[in-house]
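Each remark here refers to the structure printed beneath this line.
We just call them A, B, C, D and E in the order they show up, numbering each chain from 1.
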Amino acid sequence: MLEFKNVTKQYRSGMFGTHLTKAVDDVSFCVGENERLGLLGESGCGKSTIAQLAMKLLKPSKGSIEYNGKNIKHMSRSEMKNYRKNVQIIFQNPQQVFNPRMKFRETISEPVRIYNLASSPEEEKKIISEHMEMFGLPEELFDRYPQEISGGQAQRIAIMRILMLKPEIIIADEPTTMLDVSVQAQILELLKEVMDKNNITLIFVSHDLDVVRAMCKRIMVIKDGQVVEQGSVDDIFDRPENEYTRMLVDSLKE
Amino acid sequence: MSGEPVIKTEDLSVEFQVGNGSVKALHDINVSIYDGEVLCLLGESGSGKSVFGNSILRLHPDNALVKGKIFFNGQEITALSDKEFLPLRGAQLAWVPQSAASSLNPLKSIGKQVDEVYRLHVENDKKKARENTIDLFRLLGLPRLPELADDYPHELSGGMKQRVLVAMGTSAFPKFIVVDEPTKGLDAVRKREVIKRIGHMQKTHKSTMLLITHDVAVAESLANDIGVMYAGEIVEYGSKDEVLNSPKHPYTRGLINALPQNGFHAIKGFSPSASDMPTGCKFNPRCPECTQECIDGHPKLIISESEKHVARCYHA
Amino acid sequence: MAQFIIKRIIYGIIVIIGVSFLSFIVLSLAPGDDAVTILTHTFIGFDDQIYQQDVNTVTNLYSLDRPLVMQYGSWLGNAIKGDWGVSYVHNLPVWQMILGKIPYTLTLGITAFGIAFVISVPIGLYVATHRNGVVDHVSRIITIFFGSIPSFWLALVLILIFSVKLHWLPITGMGSVRHVILPCVTLMVGMIPSTLRITRSSMSEVMGQDYMVTAKSKGLTERQSVYRHALVNTLPPVITMAGLEVGHILGGSVIVETIFVWPGIGKLLYDSIISKDYPMMQGCIVTIAIGYIVSMLVVDIVTAAIDPRIRLGGGRN
Amino acid sequence: MKKGIKSRFFSRRRSLFTIGIICSVIIAFFTIIGPFIWNADPTATDYANQCLPPSGEHWFGTDNNGRDVFTRVISGAHLSIGVALAVVGIGAAIGITVGIVAGFAGGAVDTILMRIVEIMLSFPGIIFALAVLGTLGNGTEHQIIALAAVRWAHYARLVRIETISVMNSEYLPASRAIGNSKLRIVFRYILPNIIGRVIVIATLSIGPVILAGASLSYLGLGAQIPSPEWGLMINGGKEYIRQAPWITVAPGIAAVFTAFSFNLLGEGIGDLIDPRLKEKAEVD
Amino acid sequence: MRLNKKISKGIAIASLVTISGGFLAACGGTTGENKDTTASQGNQTTTTAASASAGDKTLRIGELWAIDNIDPVSDGTLIKEKACVTEVLCEVNDKFELQPSLATKWENKDENTWVFTLKEGVKFHDGTDMDAEAVAWSINNALEKNPTLVTSTKIAKAEATGANEVTITTETPNAELPEFMHLANMSIIGKGTYDSSGNLVKPIGTGPFKVEEFNSSTGVLTIVRNDDYHSTPASLAKVTISGMTDSNTRAMALEAGEIDFTCDLPFNELTRLDELDNVRVEKYDTARIYTCQFNCKGLFGDKKVRQATSLAMDRQTISDKVLNGAGTPAKNIFTENMAWCDTSIDGSKFDLEQAKKLMEEAGWVDSNGDGIREKDGQDFEFTAITYTERPGLPLIAEALQSQLKELGMKVNVSTMDNAAIEERKEKGEWGIYLAGMATAMAPSSIYYLNNNYSSEKTEPIGYVNEEFDKLLAEGQKAFDTETRYEVSKKIQKLAMEELPIAYICNYGVAYGFSEKVQNFKFNPTAHDYMWNTDITITD
């Protein structure tokens, strides 16, 4: 469904603009139906950049990204709107992701309005309240501002908003790093349940091996923008070939 | 576990005046930390653990109201005026802030910011201060010394900044250090390294430390005693092994089961926000073993010589 | 950073050409035929008899009948070669007139700005650290009041008190420091509001940052943490505002220069616009634009010197 | 409920805003209702009582043509304030559009727009005023055009800086990811987050704009001699500052008072809109 | 990496120092250098020690215009009248009658040639003799540098036809050539005024004062006494003239004792300043007049309407209340002290009833009772345009607005910068145009009339009258002054009858003196002011 073809992303920096840093260096992979792919690596290794490239929030310096065979770079407005509907992202720090001056009543109804999923206001209210119950979120959240709620609740709202669009692929960019351990468990449980029910493909970006092992079937280990190893969960954990992966796995096992 | 505790609190509680009402963030905390020991406060965000850390060093914003007593080496520091309290802060009582990214002055080199503490409290000698800083950086395993000292905060990674703050806290050899969430937002490898370095630092300097974290792994590797906090109260208190291996309070059990290596069994519901606190035992809405008694009464937590490992629950 | 400076200079040149071209075109739209206006400001009085022959002689003397773009082109050609042309009214080389006026404009402008800066920054800092205190309200009321006083009011009142009644200070004339005081105070009062407001908002933002709590935790007193940590971080926005104000100094103030008979560029520019003295006007505008660009450059360099993030770009660790 | 209102209006931070509201109500009263009460003809000359000092009968005294200054200030109010508000309004509107486009589009568009803004900033406004006088002739609407044409650059510069800080925020990529169109992002995300600051800055420039209008009247653009426009009266009274200071002082105070109340209003609105300033309980 | 960081910080600070250093040096340098340019512009010879005689005082004048330019050919009024550095061939007495000055006598050989015999033994300030050859050069130089002089004087060329005799030939006959030789721009200057390449060095004249220094940036002209002056030397040693364009500043500088003499003070301050013990104010009428030109294409086509408007102007109130006494009501175009003035005419009558009757006769009746007269459906409403450079004009416009309201006319006032007037008049959107016209630029009885009443000039305002052209042609040919005065009087009578231009008040000027300045004699022929060289300053 989604394919990266030797994608590279580089930044120019330094005093005279001569210094090139490659965030993502010639990465190719593809994600099929209902797959659970994990991107594992230390912070700063470029895994978040890959997520943003997939979401077309960043343009690749070289290579291309295709969705169902069509390069997302040359998509028309309607194709792009459909792409946005089907490929969604969960960000890392939930509270910062919402417009500080918009109450949740409007933020939650935004996806419905953009893709006019509801033909009438009543239907819109029905969809929203349905989802609110499913995610166990109280109605009084509607009149709150993002700064006034906890991280866990914010992340739940983010996932709910995405789910309304019934996307094909969800990219989770370290969704639980900023959350406490117990809340992390809730969110991951929720995510798992949602994906299984609507057989949504997942690309899970994280640096935490245990979380990746719990959520994904296939793992790609990334170091300095390059994919150093790829394989099923068990291959990576039990029989790591690349010595960097081995170092990563051993250090976490103690 | 011997002699006079370095830090002792009696019925400590903190309230914030917000708009026209007031928000209870912390109520009747009774804790004592002994010389050379590490007490770890384990709890989710919103449980008030950082508030406790801040109140020891009086770092609250002006709308905070602190009640109860705090003793440092037997002396009641809550009674001191700001002027009298000032010499203690930084010299005897140190604090390592939580969000490393924004807690360093972006326009000054990290070396200068750490030297400042030494020159303020130990000896105002530029050379000696820089030497002390480089030693501390080496102790904390920072690379590219001594040039790194001239680097600026924006040139360092999250983990490195965290260790610089630890160095800053300990640069004047304080008696007591509060370390707030040293591993928040770090990836697994950095987290392991920071824990190792802090443990090493604590052992070499024999410093008394209050460790605040939500990560059980950090508590497990560094703490002597552990206090589990929930909704502004300590719900379980005891030595590390007792609390982690045989937890008494259902919330502690829930925390441990939620760990990835224990299979992600989450505790259902949310931790209550400070403005609408449930009645009775604060955990009753989420507690699997909740009975009517828990909803009506409010269980007490009494630490005594005899009973070291206690929990604030009727069914403990 | 060097690349940054070069880019800045190129933009500056574009702005200079843009401003001079725009003003050339726009002034020709001003009321009154060019030749007639120039005639009435050079050879004859403005309400004397105007003969068509004289208008024609003026037109071909300064070749005003050429299309505007041609006239601008020739001015620009000479300007680049350093010849800014001769003023119609003063019949002196433009650069010499401007060079003569610059020292006076600068002495007045920079002293006025210096005092305004020295007064408003400390007040701004104090007010930021004591928000909503009495001083905060009083300073707000004063800033608005200073911002909306007509400058000629202030000038006339100052003259009345200090020159006419008390004979302490001279009204016009040059030479000693005493001559600068009155015009300087009039200018300075206009500059205080903006600097004060920027300092207050920038300082209060810095005070809310996490590193100020760290400073407090290090055991620094309130005063020490403000001087050692807060001050440095407040400077960049204040300096940018200062750069803007300095940029406008060269523009001078027509009112102050008229009332105090101070030979500044502001009055020179105003008169050249009224009498359609194109070369002189262009000369003044280009000088003011250069002043603006140089002060912007200085601001960027100073901010880069202060802020390592700009100077050294992204981190490498 | 009483405590709620009292604290909402008279808590320390909001007191400035309340004073602003009270002053604006006073101004509105004088501007709208005033002319009906003090309806003597503001332009009739009556040399019998030239330059009388403020008295019971003439609150602000009379001017060199014997006209009651108080009536003139009242009848001139809607002119001066109207012009100032129009100029600030139009200037801010253009400034916001240019600022947002430059900040949002970035790259070449941003560079070009910013160079135009810099040209406008270092361009003496008086030439523009003369050009407008030359092409369109005088009249208050043309005065508004002349003033707004120079003012917008100030606002554009400030709005661009605010827009860029919003563009670098975390919630903007999120808004694009959810599928918002460019237009929705501008109106739903950028505008609400910068409007607070812009209002504060716009209201601060009302005082100076009233005075700027006066210098243009001298060139023949905008309000003409007999009209009771404040700027004109302030400058007109200049000659009489020794003999009859009230002629120029009275409209001057009216102008300062208006600027003062609008500014307080602006800062009050700015505070209300900007949640960052609300006290937060740091409960973690 | 270490090196890189230190370097970049170093570069930042170094470039900052160089730029600001350069900036300060530039202005430091210029002030220094600026001193030299003005010094070179001042006279090369060291200033002679002010003679120790009684008159070693300095007179400080506050001039009302900014001194941009001291070229005697284009700014003669400043150099000849106010600075007395240069003199003219034919001077004028209080009655505007020609007097010999640098030329002792002159006569015209035929219509186009005039012969002037020069006064002997006159020296220029730089010591060179003022002989015929120098005078011829000076006249030709003036014509070449200032083209407007050619059109007004109609001189073709001047040549020396003897040791001290100069012949001037005109292109077309100009009966009043001697009067035009009185023009300030035609003053006689020495060759030393310009350097070899024609740039102005310093005005060299023959007058009682010579230029010591002119600082072009501060706009202050300093002149000192010329000791070997060809007639009685001046009483003062030194005079400084500095431009102070703001009337308030002039008034306050006078009051604060910073200047000793100034003119054109704010009208309303006159009484107050006069009462001060250290200041004295004197008011005089000058050869300038507040005119009101009618747009005869529109409402003012009918002579009766023009006469009615003139009668409805209460000139005495304007003079007392608006101009505060600086300018008496205008009876005729010219003032009595002008030799050719027809004193029998009195155009300043104020008779509102008569004016109303005239309006009714002209068909303008207030039918709908709104206070404004109408005629076949059109209201009598017009715009009065004027300019702000003469402070009195806007005030008069306001006064006329309410006075003409009594006559049933709705007047809108529009003041603008002088440049905009021309365009507005061409568009025709005006009823009356108020201006301050000089009636004796040259002390000639015909010059002003020709410029304002010849059909070529009045046609644009919709008024043509051959009678004027006939009389004007006659006047220009009358070489004998007496006949010329008679023709002028006839034109004056016709003008005051036809009234294409009404005259409101004489342009009064108020001179402000500090009490130290004594025995000032007013000279009516001056444009703004002239002061007699035997003026004194006591302590």
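Quick note on the criterion: a contact is a pair of C-beta atoms (placed from the backbone, for glycine too) under 8 Å apart; a residue touches a chain by one contact, two chains touch by 3 or more.
Bear in mind the structure is a predicted one, so any value in this text is a computation, not a measurement.
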item: Label of the chain whose CA centroid is most distant from the centroid of chain D; value: B
item: Central chain (distance from its CA mean to the mean of all protein CA atoms); value: C
item: Which of C-D and D-E has more C-beta contact pairs; value: C-D
item: Farthest chain (mean CA position) relative to chain E; value: B
item: Intercentroid distance (Cα basis), chain D paired with chain C, Å; value: 22
item: Cα-centroid distance, chain A relative to chain D, in whole angstrom; value: 47
item: Rounded Å distance between chain A and chain B, as computed from the means of their C-alpha atoms; value: 32
item: Approximate Å spacing (C-alpha centroids) for the pair chain B, chain C; value: 54
item: Shared interface positions of chain C, touching two or more other chains; value: 1-2, 30-32, 156, 160, 311-312, 316
item: Residues within chain D bordering two or more other chains; value: 130, 133-134, 220, 238, 241-242, 280
item: Overlap residues in chain B, where contacts from two or more other chains coincide; value: 45-46, 157
item: Chain D-facing residues of chain E, complex; value: 247-248, 251, 266-269, 272, 317, 321, 388, 391, 394-395, 397-399, 401-402, 412-417, 420, 423
item: Complex interface listing, chain B residues touching chain A; value: 44-46, 157-158, 184-190, 192, 214-216, 254-255, 258-261, 263-271, 273
item: Chain C residues touching chain D - in the complex, by the definition given at the top; value: 11, 14-15, 18-19, 22-23, 26-27, 29-32, 132, 137, 140-141, 144-145, 147-150, 152-153, 156-157, 160, 193, 197, 247, 251, 269-270, 273, 281, 285, 288-289, 292
item: Residue ranges of chain C touching chain E (in the complex, touch as defined); value: 1-2, 5, 30-33, 36-37, 39-40, 42-49, 51, 53-54, 57-58, 61, 89-92, 96-97, 99-104, 106-107, 156, 159-160, 163-164, 167, 170-174, 258-261, 263, 267, 271, 274, 276, 294, 297-298, 301-302, 304-305, 311-312, 316
item: Chain A to chain D touching residues, read off their complex; value: 52, 55, 57, 81, 84-85, 88-89, 91, 93, 96-102, 110-111, 114-115, 145, 147, 161
